[in-house]
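Below you'll find the structure, written out as structure tokens, and then a few comments.
The chains carry the letters A, B and C, assigned in the order they are written, with residues numbered from 1 in each.
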Amino acid sequence: MIRIGDAPSVRRLLIGIALTLTALLLLLPLVAIFAQALMSGIDVYWQNLSDTYTLAAIGLTLLVAVITVPVNLIFGVFLAWLVTRFAFPGRRLLQTLIDIPFAVSPVVAGLVYLLLYGRNGWLGGWLDAHDIQIMFAWPGIVLVTVFVTCPFVARELIPLMQAQGSREEEAAVTLGASGWTIFRRVTLPNIRHALLYGVILTNARAVGEFGAVSVVAGAIRGQTNTLPLQVEQLYQDYNTVGAFTSASLLALLALLTLAAKAALEWRAARRETAT
Amino acid sequence: MSIRLSQIDKTYGNKGRGSKGRGSKGHGHKDDGRTRALEPIDLDIHDGELIGLLGPSGSGKTTLLRIVAGLEQADGGTIHFGEREVTHVHVRDRRIGFVFQHYALFRHMSVFDNVAFGLTAMPRSQRPSSGEIRTRVMQLLEMVRLQDFAERFPAQLSGGQQQRVSLARALALKPDVLLLDEPFGALDAKVRQELRRWLRHLHEELHFTSLFVTHDQEEALELSDRVVVMSNGRVEQIATPDTLYRQPANRFVFEFLGDVNRLEGDIEDEVLTCGNARVAVPGVEDGRRELLLRPHEIRLDDQPGPRAHLPVSVTAVVPVGAEVRIELEADWLGEPWLATISHADFERLAITRGKRLYAQPSRLHRFDTPRPQTLAPLSIS
Amino acid sequence: MIAQALTRRRERRVLPGFGLSLGVSLTFVSLVLLLPLTSLVGQLSQLSWSQYWFLITDPRLLASYTVTLLAAAVAALFNAVFGLLMAWVLVRYEFPGKRLVDALMDLPFALPTAVAGITLATLYSSNGWIGRLLEPLGISVSYTWIGIALAMAFTSIPFVVRTVQPVLEDLPAEVDEAAMTLGASDGLAFRRVILPYLWPALVTGTGLAFVRSLGEFGAVIFIAGGKPYETEITSLMIFVKLQEYDYAGASAVASIVLATSLALLLAINLWQGRFIKRLHGGRG
């Protein structure tokens, strides 16, 4: 088969430019993270990792992810079910609304939460009176992270469930299955890859969110520092090796995310060719 | 412009880009796991001829057409357009017009721009002026009877209209050769019939040399000056529609060109016996043999004839147009027979489902000899 | 009225779970998305128009608008070209390491922005791996708008690649072939036939990259340095005002950023809808 751009000279030129730019823009920064982290040797690396503040930051980051991911998973599934299985007025509006976190600058996201729950905010007075601390504490970090990551699961599920249509579920209804059974036995097997992918993306973003979190965290070392905030703080303190040590953990997670995504896509592609 | 192919062949490897192409479906397998798409093929097409490439899917007909177009490279052999050798000429320089099964119109361009594309894509030095382009495009649109649709977009046209635009687009550059890949395959029966007649007419008027691919026997026989029947990457027969039907070169061609009834039995003294059925087969040696006959080569009667004693019973009756299709069954038949008879015979015999009748073959064909033979049964002695 | 419409339609619903999923979704959207956004409106309503106008036209802020828009535009245009090239190469060609390169395209989404920020800042600083090579040429990236554009470009790489790639994959071979049989050269066929097919995806991807770049914070601040009137981006201005407890000022700026992003997002969606309608048989 002959196609446009098949001439060897064109092909070589385009592949050459593409590979050079990819190496320069994407591969080099990735290598640099680990190179910087290990600059002073592996002992210093371990030392940096086992630093109390770093460990605390890892703990807080995990806590945020552990709460955020299930919350958004549940919300994403309900929303996707709602907008792909039913027709109702305002459906498009709802779909547009959940895209807002993608469009909003993370700093603005942090700001609106600060305005709501902060000392001078609408709920701030009430919270203060009941001695509940949300801003500049971990609940605030969780809240903004939920905000920032809420579209991911729904975004993965909606196009897929729309394309699949509801015939299979309708068939299950005619066979007398209950709602939960239908979801678990008919819908879930069809969407589990997309669901998993949505979870992976949610997790990656939840762990890595910086802008929104930095507004609401207040950065009390050892208490409200997530890993990305820890990276920033160490970097501002001119502790480059320390900053990149924490960064390398996040980069490792990013690589795992990419690998998981590639594996999911590979399996999906293989299933497609098999049928 | 005449087309001459000599020793064109093609094999798809396990790897490589070709194996992903759609030309790779089916075909004969070679021992080393590679797929032979085309056996070496010779083909001479005269100037102004309309040739149909006919075969089942996977027979290599589309691959052959695409090789002529330059969309695929043959492994060996040569292609000449007239005196010009084009074997290694890039598709864009071959001066061919190509019509795709799914039209392949540029959906973001109006009908006018689609037809004008080839002209506007010419190098500036050869490109006609925009006035000339406009005149030429409007002429073409008039020819395909779409002059009122120039400003429409492809999505606003029916399938038949889109295919006409596609044809006008292919003809805009006055190609030496027009190639059509299943041009009517995606259209419904009625539109297909209409377009076929219209293409035939256009061909007679403009006299371009064309080669088209089809898997529809009727289409091939109706349109072509000559038909190339292909199977498994081989040419089975090249002949006029008439010859093809009357003198099929082999069993494949016979079976592919129409419905076929089979009769298998033991022959002794020029009589074939199968259960309680008997039929005279003059000149056939003793032994177990299979003979074939077409539905219209069966006569039905309520008495056994002098040359055949073939008791059958009617299982289905379908009146179609000028004839009636009768499905027949018998103990001695492996699979049911199909007979087509006239309405007059149908009424005379008062045929209903379940009625018992006697079949009388007017001709029988055998393909187990080096050359196919046709025999007319004589009386059973 | 909506409630009425809902009951009217209920009998036509076959599948279960409408009430529950509607309840969960609306509660979530109201609490997580809408309530916080209304607090911004509440904060702004305490300002008079002249105060608001004064806050958002502060010269230092105006300079930040310019630098943010300029850098985001450059980043988006770079990504339009780079993304198109990568999508083409990944779809049309086979080469060793292709799957690795394909996977790497998503790195900017997977890598936390702060990590990207300090890495780029380190690489392009005057003694970094790349900055060291550029300095003799008189090009400084760190602490200039070029650095800001670079960081923005990095974080928005996947948008164009991932929107164009599937469209290019679905493009039937006949499109190429039709153009070639009509004598078009590679360049012409790409420009006049293939590019129009990719155009909606390309514009959408570039638009999304632009929106994302406008709001980018973590990746940019480290390499930007934050020199007033020169390398301060608008997101940073909000952050700075917050640290000074100037909530009114921060809200005013945030409202500008928010309105711009939402307007752009809406424009992209509308444009896309109209374009698709035309290709599928709507009147030209």
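Rule of thumb we're sticking to: contacts are C-beta pairs under 8 Å (C-beta built on N, C-alpha and C of every residue); 3 or more make two chains touch, one makes a residue touch a chain.
Keep in mind that what you see is a predicted model, and the values were worked out from it rather than measured.
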item	value
Higher-contact pair (C-beta pairs counted), B-C versus A-B	B-C
Centroid comparison with chain A (C-alpha atoms), farthest chain	B
Whole-Å separation of chain centres (CA-atom averages), chain A against chain C	16
Centre-of-Cα separation between chain B and chain A, whole angstrom	57
Contacts with two or more other chains, residues of chain A listed in rising order	1-2
Chain C residues counted as touching two or more neighbouring chains	173, 177, 179-180, 189
Set of chain B residues in contact with two or more other chains	17, 21, 71, 90-91
Complex contacts: residues of chain A adjacent to chain B	1-2
Residues on chain A engaged by chain C in the complex (per definition of touch)	1-5, 7, 10-11, 14-15, 17-19, 21-22, 24-30, 32-33, 36, 74-75, 78-79, 81-82, 85-90, 94, 96-109, 111-116, 118, 120-122, 143, 146-147, 150, 166, 169-170, 173, 178-179, 182-183, 201, 204-205, 207-211, 214-215, 227-229, 231-232, 235, 240, 243-244, 247, 250-251, 253-255, 257-259, 261-262
In the complex, chain B residues that touch chain A	17-18, 20-21, 23, 70-73, 90-91
Residues of chain C defined as touching chain B within the complex	94, 172-175, 177-185, 188-189, 192-193, 196-197, 199, 278-281, 283-284
Partner chain A, residues of chain C touching it in the complex	2, 5-6, 9, 13-18, 20-22, 24-25, 28-29, 32-37, 39-40, 42-43, 82, 85-86, 88-89, 92-93, 95, 97, 99, 101-120, 122-123, 129-130, 153-154, 157, 173, 176-177, 179-180, 186, 189-190, 194, 211-212, 214-218, 222, 234-236, 238-239, 242, 247, 250-251, 254, 257-258, 261-262, 264-266, 269
